[in-house]
Structure formats: C-alpha cells, structure tokens
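Shared chain: chain A. Partners: chain B in the first complex, chain C in the second.
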Partner chain A sequence: MSVSLALVLGLIGSILAPFAAARWKTIGNALVVAVPALLFLFFLMQLNAVGQAPIIEENAWVPSLGITLTIRLDGFSLLFALLISGIGTLVALYAASYMDEKTPFYRAQFLFYILLFMSAMLATVTADNLMALFVFWEMTSLLSFLLVGFDSTKLAARKAALQSMLVTVGGGLSLLAGIILIGVAADTFSISALMENPAPLVESPLFTAIIILMMAGAFTKSAQVPFHFWLPNAMAAPTPASAYLHSATMVKLGVFLLATMAPIFSQAAWFGPTLVAFGGATMLIAALQALRSTAFKAVLAFSTVASLGTITMLIGLDGEVAAVATVGFILAHALYKAALFFCAGIVIHATGEPRLNRLGGLASVMPITAGATVLAAFSAAGLPPFVGFISKEYLFEAQIESTFTAIAVLIGVLVNTVMVAIAVVVVMRPFFRPARRELHVHHGEATGMTVGPVVLGVIGLLFGLAPGLVATSLIQPAASAIYGEPLDVSFYLWHGFTPMLALSILVVALGLLVAKYWDPIHVALRRRRIFDRVLDDRGYYWVLDNTLALARWSTLRLQNGDLRIYTAVIATVVTFFMVYALLAGEGPVFPSVNHPEFNIYMVGVIGLIIVGCFVAALTTSLVTAIIGVGLAGYGLALVFLLNGGPDLALTQFSVETLFVVIVTAVLLRLPLMFTTTRTPGERRFDASLAAVFALTIFAAVLWIEAVPFNPVIPEYFAQVSYTEAFGRNVVNVVLVDFRALDTFGEIAVVAFAALGAWALLRRSNVARKKPASTPAKGG
Partner chain B sequence: MRSIILVASTRIFFIAMVVVSLWILLRGHNEPGGGFIGGLMGAAAFATLAFAAGVDDARKMLRIHPAVLMGVGLVLAAVSGLPGVVLNGSYLQHQWLELDLGLFELKLGTTLVFDIGVYFVVIGGVLSFMFRLYEEEQG
Partner chain C sequence: MTFLYAAAIAAYTGCGLYLMLSRHVVRIILGLALLTNGAIFLIFFSGRIGSMVPAVIPLGDQQLAPDAANSLPQALALTAIVIGFALTAFAVALLVAAYKRLDTLDAREMTAAEDMGSPFLPPGGRPSTGGRPSNDGRSAEKTPEAEKKSDEVKTNG
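Up next, the complex of A and B:
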C-alpha cells in the first residue's frame, strides 16, 4: 500500500469514525482508536524502506496544469508521522474516556476535530510541495482554533482561540510569502528538488528575505519569542487536545520546517546564530514563566515552550551531534510531555482543581497515574536510564561542541535546572505531598485514560534501556535527513565519564535545590509585576486594539452612510490614479483628428446628452433630474447605435428605461422639490470634482484612441463565431459560448447582489411596521 | 388612485413587451439580442405593469417568486454546461442538435438553455428587489 493511499484512507476513517462514535458508543470509540492505530502500524512498516532511501510518490492532481501532489517520506518526516499517529492513538483512547460523561454529540465533535487534525498534520509532514505543505499547515492552525475554543461558552477559551489563530495564521501568511519567493527564486516548490539543487535558491538575492519570512512563520507556530505567549493561553483547550496539539505535535511543526530546510538555509552564515539567539531567549523566558505559573497545565505549557526553544537552538547549532540531539530531543520530549499532560488531565478531571499548589496526596487514590507521572518525570528530568537522559547528554554535547560553547551551555544548564525542578514538582505536589486543604476527589482513574501515560512512560524507559531499538531504525535516518548527509549515529545510554555527565549531575543537583525552594522562588518571582508587563501578551493586545481602532476610524470616515462622500471618495481616487497613469506612462498622446465627415446626427445626439447633463445638475426638482439623466443615457445609447453597436444600444436603452421606472418608485416617497442641503462652497467643490473627473476620462479616452487598435481578437471571434459556435451575433456567441463561464459567474453575481438588496429591503419593511415610523434608510 | 386608462393600456403594452423580450431572447444568437437584453426588457415589462396596476397584479402575472425564478435561471445555466462534460469532457462546451423539419432546418443548441438561464436571472434579479421597493411605497 502506498503512503498516499494510507493517508487518504486515514482521512476517510477520520471523518467517518466520529460519526459512528456519536451513534454507537463502544464500537464507535473502538473505530476512533483504530484509525490512528492502523496508520501507526503502517508507518512502522515503512521504517526499513525509509532507512534505505526517502519514499517519494507523485500523484497527478491537476494534470492539465502539471500540478502534482507529491508525498515525501524521509527519516525525519517518518519520525513525525510515527509520533503523530502513535500519540494520536493514545489521545483518541484518552479523549473517548475523558469525554465519557459528555453528550454523544459533544464527544464525537471533539474526536472529529482530533482525527481531522491528525490527518492534516500527517499531510503537512509528508507534503513535498511547499504550497501543499502550507495548505495543510493552515488546516492545523484552523483545527487548533476550534479545539482551543472548544468550550465555546467560556470567554477565556474564545479569546485564547482567537489569539492562537491570529498569531499562527499571521505567521502562516509570512510563511506563504516565503514560499512564494522560493518559487520565484528557484522556480520550484518541491522540497526534494530544492534539496537536490539548492544553488538557485542560495544564490538568489531573495535568499535572506525567504529565510526571515519562513523563520517568522515557524516561530509563531512553535511559540518562539516574541510569539511565546499564545501557547500557555491555548491551554484553555480540553487536556487531550493540549497533550496532542500543544505539546507533542502541532507546535513542533515550526521546528519541523526549520529542521527540514536547515541543510539549505544553513548556507547563510547568520541562520544558525539567529536560531540559537531566539531559541536561547525563548528557553530563558519560558523557564522564568514556568517558575511564576500556578496552574498545573501552565507549568507544563511553559516547559513545552522551553523545550521548543531548545529544539530551535539545536537546529541552529552546527555539527553532526546537533542533528542527532535534535532528533533525540524531539522523540524524548514528545513521549514524556504528552504523558505529563495526560496525567495532569486525569488529576484535573478527577479533582476539578487546576492549581498545582492546591493539589496533594493523590498517590493513594490514583496509584497508576502517580506511577506514570514518575516515569515521565524521570525522563523529563533527564535521569538515567530514561531516554530523556540520553537526549540531554546529546544536548550538552552539541552545545559544548558548537561554536557558541559558553553561552549555549550556560543557557542549557539554567533551563534544564528548571526542567528538573518542574519534573520534581509535578510529581511531588499532586501525588506525594499532603494536600494543604481538603481536596474533593470526584472519581478515581479510568482505564482508558491511564493507558496513554503508562505506555508513553514505559516506552521512555524502554528506549533508554535499549536505545538500539531506535538508534539505527529511526534516529539515524531522521538525523541524516536534517543534517543533509548520511550520519553514523551512536545513540546509547552510557557515554562514560564525560563533561556531559558532569553537567547532567550539576543540573540534577541544582534542580533538586530549586524544587525544594519552589514556593519562595515562585512567590518572589510572581510579585515582580515587571515580568507581566514585559513577557505577557500585552504587545499582542496593543496590536489588536490599535488595528480595531483603525478599522473603526476608517469606517467612520469612509462609510458614514452619506452617499455624497462615497461618490466623492470614489471619484477622487479614480481621478488620482488615472491622472497618475496618464502622466507616469509615456505621457498623453493625442490622436490626429481623422474624421473629416460632419455627421449631423452625432452632433444632435451629443447636444442631447449635454442638455441632459446640465438639466440634471442644475434643477432642484428630482423628477426633472431623473429625466435629465435619462436623456443623457438615451443619448449615449444612440451614440452606440450610430457607431455599429446595436447590442450595446439595446442594452443601454433597456437599462435606462428600467432605471427611470425603478427610481420613480423611490421618488414617489420623496418630496418632489428638494431643499438644497449643500452649501455653495460644497457645491463648488462637487462641481470642480465632477469637472476634473470628466476631463480625466476625456483625456483617457482620447489617449486610448491614439493607441493603435489590435484587431486580432475581434477578427478571430468574427471568423470562428459561425463556424465553431453556429451564431452570427458575435457579441452573443462570446457571451454564451466562448466566455460562457465568465457569463455564468456574472449572472451568479447579479443573482447574489439582487438577493442582498432583496433581504435589505425586507428589513426596512419590518422597521416601518413599528409604531413610531422612522423613515427607512437606503434602498 | 389608479388611472383606468393607464392600467388598461399598460396591460396591452405588457403583453407586447413580453413578446418582444422573448423574441429578442430567441433571435439573440444570430441577430442583436440575447438573454441579457431580453431579460432587461422582460423586467421592464413587469416593472411597468407593477407601476401602473400594482405589485400584486405583477406578482400574479409572474406566478412564481422572482427569487425562485433567479434560482431556476442559475440552475438552467449551470445544467446547460453538463452535456459538454459528458460528450466533450469540457464544461460549458455547447452542443448542437440539427433537426430537419422538411420546410427548414432547425438548429438547437445548449446555448439556448444557457441564454434562457441568463434571461431568468436578469428578470428575477431585477424584479425581486423592485417589487419590494414598490411594496414599501404602497404598504
């Protein structure tokens, strides 16, 4: 079975299974778990093949335009696919149990989003075409929005959902701009093609702009400084979604993209150092904020942000070890962080208490959860023999071997100290320390919910004890993919007495110290309000509020309901640009007058139009004004008729007639004479604007006349109109046959515009029926 | 108050305008005319009737709701492209049927269906909001 087929089947299953879950609880839930589980098995079976060479599958999508949807599965994307489907399986199992007491619809809707997200996420990491990657990337943002705001009756959830979407989709636009520039520079959107031949991209003058734009997109998605604020707020999502999207998978898309493009981008010397700087800043800020956080999930969220900063830094570091460390850290982090979120969810679900310092003594009530938390926390703290220990050794080795030794190691030690402290605190607080005040435990632990963290915790231990399980099969191809060349990977537990081991011991010792004095540190840091001002999402709200204020201001100015202002604005803008176009081009060219014959009819018709215009402009009677405008319109129709445009003339006549009939209906409601509401000054301005507008159009028409007429298209249509479309009226043939799709679009627009006007008129009808009759506006 | 003379003469005019609008619609492929112009004329016919004899009369004459007429028109235009998909693999590639009726040869194309669709949309579009406008005045 091809990867493409598996993905399509996965998508179908993702859509159908939740519907089954809404109807039949047990079977439906089993199906919901089966979809990601089967995908996981499928990707496991690809390990061997991908170990040899990346799988590339081309699927024709729009063959007539040469657009293909190419699937690309290399070691790195396979690692992600396994994490997405594997953790997805556990999340589905967990969520089905987590939402057990909710209504079937609520539960099914949540599972639907989760599985759809999984499909989008798998498509993102396997897409070879950057445009396709962007589309799926944005889908994950959209689903993240739906999941963060899932409890849509809560204001905080809606705010956080909007924030996460504005930040990630805003970054997505930046990513799109970068991708388009890649297309401009390298003439391809295919990642494989870029990897094979990066020269056009690297040598392009756009290279710097491309890297900055794509980096911005990645930073928003992976919550790097200065966009770090949205991720902790996104914890408003139900915990299964937090565990899945906002720790294990989606937030890693940013670093996934950076790592995938790293072999090319690192040709720019500043790429690595920039990543190290932003990653390091993110690590420090997140560690500080984690110490200041009170809520269980917030602490975990900030430690996730710190981990994402770590990965960003690792991608920026040079050397083979950094590639291995990146892959190892992504794997280890996904395993332990998802498990910790699962456990936090179980605890919060059972007690209804989200604050870490209010929890306590739960080990006796929920022993399995406590055990799983211990396993995950050991890995998170980087203790042997867990996989987290190995990844932390590699992290330190990469930092020591890099060119940034001192600073990188210092940041690494500081942040990992906090990580160790967090690991200790999330184990000790809720489970082993007695509660400060009495805690209501509503229910014990459900099997469906404990499977996930236990499995992940045990895997973390297993991979630590037997790293050979993943060293050559998974880590080596993944690290080679992001390093750009095949690597010989040694991923094992015991490295001997090395500087890295010394650093690990130092970090654990310091971490235990911080954990011991967690409360005083927490309180002292929390009191410093300056951190709120600098590190919170105030910048986001400043931008948001000012954008809204600008929108309100411009609406008030430009759309204040006064038709005269609308007309004046439109006329001014059109005049300005036309004058600009006339002057900025080759300058106005005037045609030689080559119509010597004096046409008495034309003179008469033009006289008619002029009279009509003056009547409309000068009269104070609305009816007279309408007649004046109608006169000018009929005159125009006669001009068309005299110059060989019968279709145009017929249309113009009909439109003018309808115009008069319709406007008369409106006029019957208004007083026949209008009092002048415009001051003489305003009228002078109106008149001069109208005169300038008319003169500009006049000059433009003259200019168009001066440009030699290209008869190719009309001649072509005149020739083929009867032979190919069996019609002698070329205008009609073009409308209904050659450009029928355009016409179809136009009549659809006519229909929708009419529907809109129809609906608006109904509203004013209702308003009129109110006792105090106010004159209906508009119409 | 309605003028009897205006109402009576409008009814005659109405029939004449509708016939002319249909004629313009049907001859459109070879002579000046077509669905758009025909539709505008048809709408003008109903507008005149509504103006003189009242909206209720005009609505009765139209029989179906103008918004529905608009939908029917859109559907006709969309459906007229389907034979092209089946026969040529290209949407809106119009197909022709030649009928030999002895006296003369009749050529029927899916273009006519498309043009009738345009005709309906234009009539429905104009009338749907124009009737409302008139009713607002009278109501």
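Up next, the complex of A and C:
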C-alpha cells in the first residue's frame, strides 16, 4: 500500500469514525482508536524502507501551476508520522474516556477534530511540495483554533483560541511569503528538488528574506520568543488536545520545518547563531515563567515552551551530535510530555482543581496515574535509565562540541535545572505530599485514561534500557535527514565518565535543591509584577487593540457621512494618479498650436462654454445656475455641429433642452436661492482642488493631442460600414450594428432610469398631499 | 486651437468638480451634468477633431471619404450623452423625492440611514438615535402616518 493511499484512507476513517462514535458508543470509540492505530502500524512497517532511502510518491494536484501533491517520507518525517499516529492512538483512547460523561455529540465532535487534526498533521510532515505543506500547516492552525476554543461558552477559551489562531496564522502568512519567494528564486516548490540542487536558492539575493520569513512562520508555530505567549494560553483546550497538539505534535511543526530546511538554510552563516539566540532566550523565559506558574497545565506548558526552545537551539548548533540530539530530544520529549499532560488531565478531571499547590495525597486514590507520572517525570528530569537521560546527554554533548560552548552550556544547565525541579514538583505535589486542605475526589482513574501515560512511560523506560531498538531504525535515518548526509549514530545509555555525565549530575542536584525551595522561589518570582509586563501577552493585545482602534478611527474618519469628503478624496486620488501618469510617461509634451485650424466661430463657442461653466459654478441663484449649465451644454452641441457631428449636435440640443425644461419644472418647487453649505475656507480648498484637477485635465488633453493617432478602427468602420452593414451614416451603423449590444445596454439603462424616476416621483406625489392635509387636521 | 479646446474641457471638469464638492444637492447634480459634458467633450476630442465633413457615405460611394470626421468617438459620445441624460434625470427625481421627505437640500442633513444606527459602533457604544436632534427621524416616523392620512383622504373623497 502506498503512503498516499494510507493517508487518504486515514482521512476517510477520520471523518467517518467520529460519526459512528456519535451513534454507537463502544463500537464507535473502538473505530476512533483503530484509525490512528492502523496508521501507526502502517508507518512502523515503513521503517525498513525509509532506512534505505526516502519514499517519494508523486500525485498531480494542480498540474497547470506545477503543484504536485508529492509525498516525501524520509527518516525525519517518519519519526514525526510515528509520533503523530502513535500518540494520536493514545489520545483518541484517552479522549473517548475523558469525554465519557459528555453528550455523544460533544464527544464525537471533539474526536472528529482530533482525528482531522491528525490527518492534517500527517499530511504536513509528509508533504514534499512547500505549497501543499503550507495548506496543511494552516489546517492544523485552524483545527488548533477549534480545539482551543472547544469550550466555546467560556470567554477565556474563546480569547485563547483567537489568540493562537491570529499568532499562528499570521506566522503562516509569513511562511507563505517565504515559500513564494523560494518559488521565485529556485523555480520549484519541491523540498526534494531543493535538497538535490540548493544552489539557485542559496545564491539568490532573496535568500536572506526567505530565511527570515520562514523563521517567523516557524517561531510563531513553535511558540518561540517573542511569540511564546500563546502556547500557555492555549491550555484552555481540553487536556487531550493540549497533550496532543500543544505539546507532542503541532507545536513541533515549526522546528520540524526549520530542521527540514536546515541543510540548506545553514549555508547562511547567521542561520545557526540566530536559532541559538532565539532558542536560548525562549528557554530562559519559559523556565522563569514555569517557576512563576501556579496551574498544573501552565507549568507543563511553559516546560514545553522551554523544550521547544531547546530544540530550536539544537537545530542552530553545528556538528553531527546536534542532529542526533535534536532527534533524540524530539522523541523523548514527545513521550514524556504527552504522558505528563495525560496525568495532569486525569488529576484535574477527577478533582476539578487545576492549581498545583492545592493538590496533594492522590497517590493512594490513583496509584496507576502516580506510577505513570513517576515514569514520565524521571524521563523528563533526565534520570537514567530513561530515554530522557540519553537525550540530555546528547544535548550537553552537542552544546559542548558546538562553537557556542560556554553560553549554550550555561543556558542548558540553568533550564534543565528547572526541568528537573518541575519533574519533581509535578510528582510530589499532587501525589505524595499531603493536601493542604480537604480535596474532593469525584472519581477514581478510568482505564481508558491511564493506558496512555502508562504506555508512554514504559516506552520511555524501554528505549532508555534498550536504545538499540530505535538507534539504527529510527534515530539514524531521522538525524541523517536533517544533517543532510548519512550519519553513524551511537545512541546508547552509558557513555562513561564524561563531562556530560558531570553536567547531568550537577543539573539533578541543583534541580532537587530548586524543588525543595520551590514555594519560596515561586512566591518571590510571582510577586515581581515586572515579569508580567515584559513577558506575557501584553504586546499581542497592544497590537490587536491598536489595529482595531486604527480600523475604527479610519472608518469614522473616512466613512464620516459627509459626501463632500468622499468626493474630495476620490478627486484627489484621481488627480494624483493622472499627474503621476503624466510625469512617469514621456513627460508633458506640447502639440503644435495651429492644429486644428483656427476658426473664429469655435473661439466664440468655447467662450460660451467657459462662461456658462463659471456662471453655473459661481452664482447663488438656482435659475441662473441652470441657465449656465444649459449654455455650456448648447456650446458643446455647437462644437459637435462645427466638427462634423450633426447627429451628436442634434442629440445634444434635444437633451440639453429637455434637461433645462425638466430641471426648471421640477426644481421650481425648491428654494430659488442656494443656501451656503460650505465655509469660506472649505470653498477655497474646493476651488484649489478643482483648479488642480482642471489643470491636470488641461495637460492631459494637450498630451493626447501630441501623441500619434492610431486610425485603425475608424478606418475599418469607414470601409465596411456600407459593404457589410448596408448603412451610409457610419455613426449610426456603429451604434446599431457594430456596437449593438452596447447600445442595447444603453437603452436598458435609460429604461431603468425612467422607471426609477417614475417610481420616485409617483411616491412623492403621494407625499405632496401632506402639507394640504396637515393644517386641516391641525385646525 | 488645441489650447482652447483643452481650456473648454478643463472648464467643464473643473467647474463640475467644484460644484460636486458642494454639500448642496442641486449643485452636486449641476456639477455632475457639467462633468458629464466634459467627459463627452474629451472623448470627442481624443478622436481628433478638425474635419467638418460628417461621417456619412455619399450616395453612390462604397466607402467614407478620407477627410470625413472620425466616426468612433462620435458613436461613443452619442451613447454617453444619452446615458448622461438618463443619469441626470434620475438624480433629479431622487433629489425631488428626497426633498419632499427630508425637507432639506443639504447632504449633511440627509442622515435617515445613519439614524437607524451605526454599523461601526457596538450596540450601546453610543446612543444610535440620540445625540443630535434629527428631523429625519421625525419625518421617518411621520411618513407612515402621512400615507395613512392620504389613504383616509382618498377614501373620504
């Protein structure tokens, strides 16, 4: 079976299974778990093949745009696919149980989102075409929005959902821009093609912009500084979603992209150091915020942000070990962090108490959960013989071997100290320390919910004890994929007495110390409000509020209901572009003064027009103004008459006469003198605007006369008017034959205008009786 | 002569725009009429003028004489004249109807739609009908009454 087919079947299953779950509880839940489980088995079977060479399958999607839905399964994306489908299986199992007491529809809806997310996520990591990757990337953002805001009746959930959406989708736009630039620079959207031939991309002047844009997209998705704030807020999601999206899989998409592109991007010398800087800053800030957090899930969320920072830093570090460390850390972190979230969910679900310091003494009530938490926490703390220990050893080795030794190791030690402390605290507080006050436990642990953390915890122990299980089959191909060349991987537990072991021991010792004094440190840091001001999402709200305020302000300013402003804006813009066009073209050119030939009658006619216009513009009397407009109109008719357009002249005479008659007849009901509606200042402004506009038109007319005339169309009409349309009056033939549809439209417009005017005036006839009847009634 | 033609077109458009910038609805319509004429003149002019011979094929000939006027801008101008007239006539009708109902010719005071509430403000953000006294609100209330009254008049008559 091909990977594409498996993905499509997975999608179909993801859509259908939740509907079954809505109807038949047991069978439906089994189906919901079966879909990711089967996918997991499928991807497991690909291990051997991918170990040899990446699987690439091409499917045409938009052939005309050169977009193919190519599937690319290399070691690194296979690692992600296994994590997504494997943890997805446990999440589905866990969620079915977590939502047990909810209505079937509510539960099915949640499972629907989760499975749909899984499909989108699998498609993202296996997409070879960057455009396809972007589409699926945004789908995960959208599903994250739906899952964070799942408790849609809660204001906090809706706010957090919107925030995560705006941040990740905003970053997604940046990513899209970067992808488009890649297409411009390298003429391909295919990751495989870029890997084979990175030269056009690397040598392009757009290379820097591309890296920055794609980095911004990755940083928003993976909650790196300065976008770290959305992830902790996203904990408003139900816990299964938090465990799945916001710790194990989706938030790793950013680092997935960076790691995938790293072999190419690292050709820019500043790529690595930038990632180290941002990753390091994220680690420190997240560690600090984790110490300041009270809620169980918030502590875990900040430790997730710190881990994402660690991965970002590892991608930025140079050397072979860094690639192995990245892969190892992603694997270990997904295993233990998902398990910890599962356990947090069980505890919160059973007690209804989200705050860590209110929990206690739960080990006797929920022993399995306590055991699973211990397993996961040991791995998180990096204690042997868990897989977390191996990954931490590699982390330190990568830091020591890199060119950033001192600062990287310092950050690593500080942050891992906090990680150890967190691991100790999340085990001791809820389970082994007595509760400070009476804790009401609603129910014990459900089997469906404990399976996930126990399995993950045991796997963490298993991989630690027998790293050979994953070293060559999974870690080696994945690390080779992001390193760019095949690597020899030695992923084993005991490295001997090395500097890394010393650092590990130091970190554990310091971590235990911090855990012992957790409360005083927590309280002292929490009191410092300055951290709130600098580190939380104030910046986001500042941008959001000001964007909305700007929109409101500009709407009220521009759409202020004053017709004069609208007209002025339109006139200004039109004038601006006309002036620009005149200047940007060949510049003002002047025609010969003697063409067309001098004609004394024309001078008189034009004088009539100009006088008429100014009379209309300047008078305060309605009748005078109408006469002025009429004069100018008759002037135009005379222009037509004197220039070989008798038809036009006739039409213009009739229209102008009608205009004067109708307007006079109708407007005589209105006040005969104009009331002033503009201040003198406004009038001066309008006069200058009109003058500039008129001068621009003047220049444009001269320019028109000066450019060469192309008589092709009139000559064509002149030749075929009689022979083909059998008419001697060419103007009329053009109207009723060559441009018949145009004329038809014109007639329709006139008819509609007449209908509209008739309807309006008929209505006003009804209203006209009002003044007659009012005094009668009043008296 | 080109300068004179250009001056005439500029006078049309400039004075037309000046009138259209007014808040007095009648002036806006007059300005629209002038601007329309300016546009028609511009179309006519850009087809190059100078020939006094109409674009009509003389009897017996198969083709137009080479010195005849350009037919294309004339056809376009003819369409434009008629459309312009239709537009102006409709605008005049609209103006009369508006004046009967709203009793004002100032565009600023024609706020019957705005008084129904601003779509840009949240409900309760600002009183949508309160604030300044608006005669449009009153006339909007009056209209159904007036229609009822006129019905009465009809039935009585």
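Worth pointing out:
What we mean here is this: the second predicted complex is superposed on the first by the 561 of 779 C-alpha atoms of A that agree within 3 Å, B and C clash if a C-alpha of one lies under 4 Å from a C-alpha of the other, contacts with A are read in each partner's own complex, and residues count from 1 in each chain.
Methods note: a contact is a pair of C-beta atoms (placed from the backbone, for glycine too) under 8 Å apart; a residue touches a chain by one contact, two chains touch by 3 or more.
Quick caveat, the model's predicted, so the values are computed rather than measured.
When the shared chain is aligned, chain B comes close enough to touch A:Leu741, but chain C does not. In the overlay built on the shared chain, the residue A:Ala199 is in contact with neither chain B nor chain C. Once chain A of one complex is fitted onto chain A of the other, the partner contacts of A:Ala509 are absent, as it touches neither chain B nor chain C.
Legend: residue contacts after superposition of the two complexes on their common chain; A:Ile609 is shown touching chain C, with no touch to chain B. Legend: residue contacts after superposition of the two complexes on their common chain; A:Val661 is shown touching chain B, with no touch to chain C. Comparing chain C and chain B on the residues of chain A they touch gives the larger count to C. By the touch criterion defined above, A:Pro711 lies against chain C but remains apart from chain B after alignment on the C-alpha atoms of chain A. Contacts of A:Val184 after superposition on the shared chain: neither chain B nor chain C is touched. In the superposed model, A:Phe726 makes contact with chain B only, not with chain C.
Overlap of the chain B and chain C interfaces on chain A comprises residues 646-647, 651, 655, 658, 662, 666, 669, 728-729, 731, 735, 743, 750, 753-754, 757-758, 761, 764, 768.
On the chain A side of its complex with chain B, the touching residues are 646-647, 650-651, 654-655, 657-658, 661-662, 664-666, 668-669, 725-729, 731-733, 735-737, 740-741, 743-744, 747-748, 750-751, 753-755, 757-758, 761-762, 764-765, 768, 776, 779. In the complex of the two chains, the chain B residues touching chain A come out as 24, 28-37, 40-41, 43-44, 47-48, 51, 67, 70-71, 73-74, 77-78, 81, 91-92, 94, 96, 107, 109, 111, 114-115, 117-118, 121-122, 124-126, 128-130, 132-137, 139.
Of all the residues in chain A, the ones that touch chain C in their complex are 552, 555-556, 559, 561-564, 567-568, 571, 591-599, 602-603, 606, 609-610, 613-614, 616-617, 622, 625-626, 629, 632-633, 635-636, 639-640, 642-648, 651-652, 655, 658-659, 662-663, 666-667, 669-671, 674-675, 677-678, 686-687, 689-691, 693-695, 697-698, 701-702, 704-705, 709, 711, 713-714, 717-719, 721-723, 728-731, 734-735, 739, 742-743, 746, 749-750, 753-754, 756-758, 760-761, 763-764, 766-770, 773, 777.
Partner chain A is touched in their complex by these residues of chain C: 1-24, 26-28, 30, 33-34, 37-38, 40-42, 44-59, 61-64, 68-72, 74-75, 77-79, 81-90, 92-94, 96-97, 99-101, 105-108, 111, 114, 120, 142-143, 146-147, 149-150, 153.
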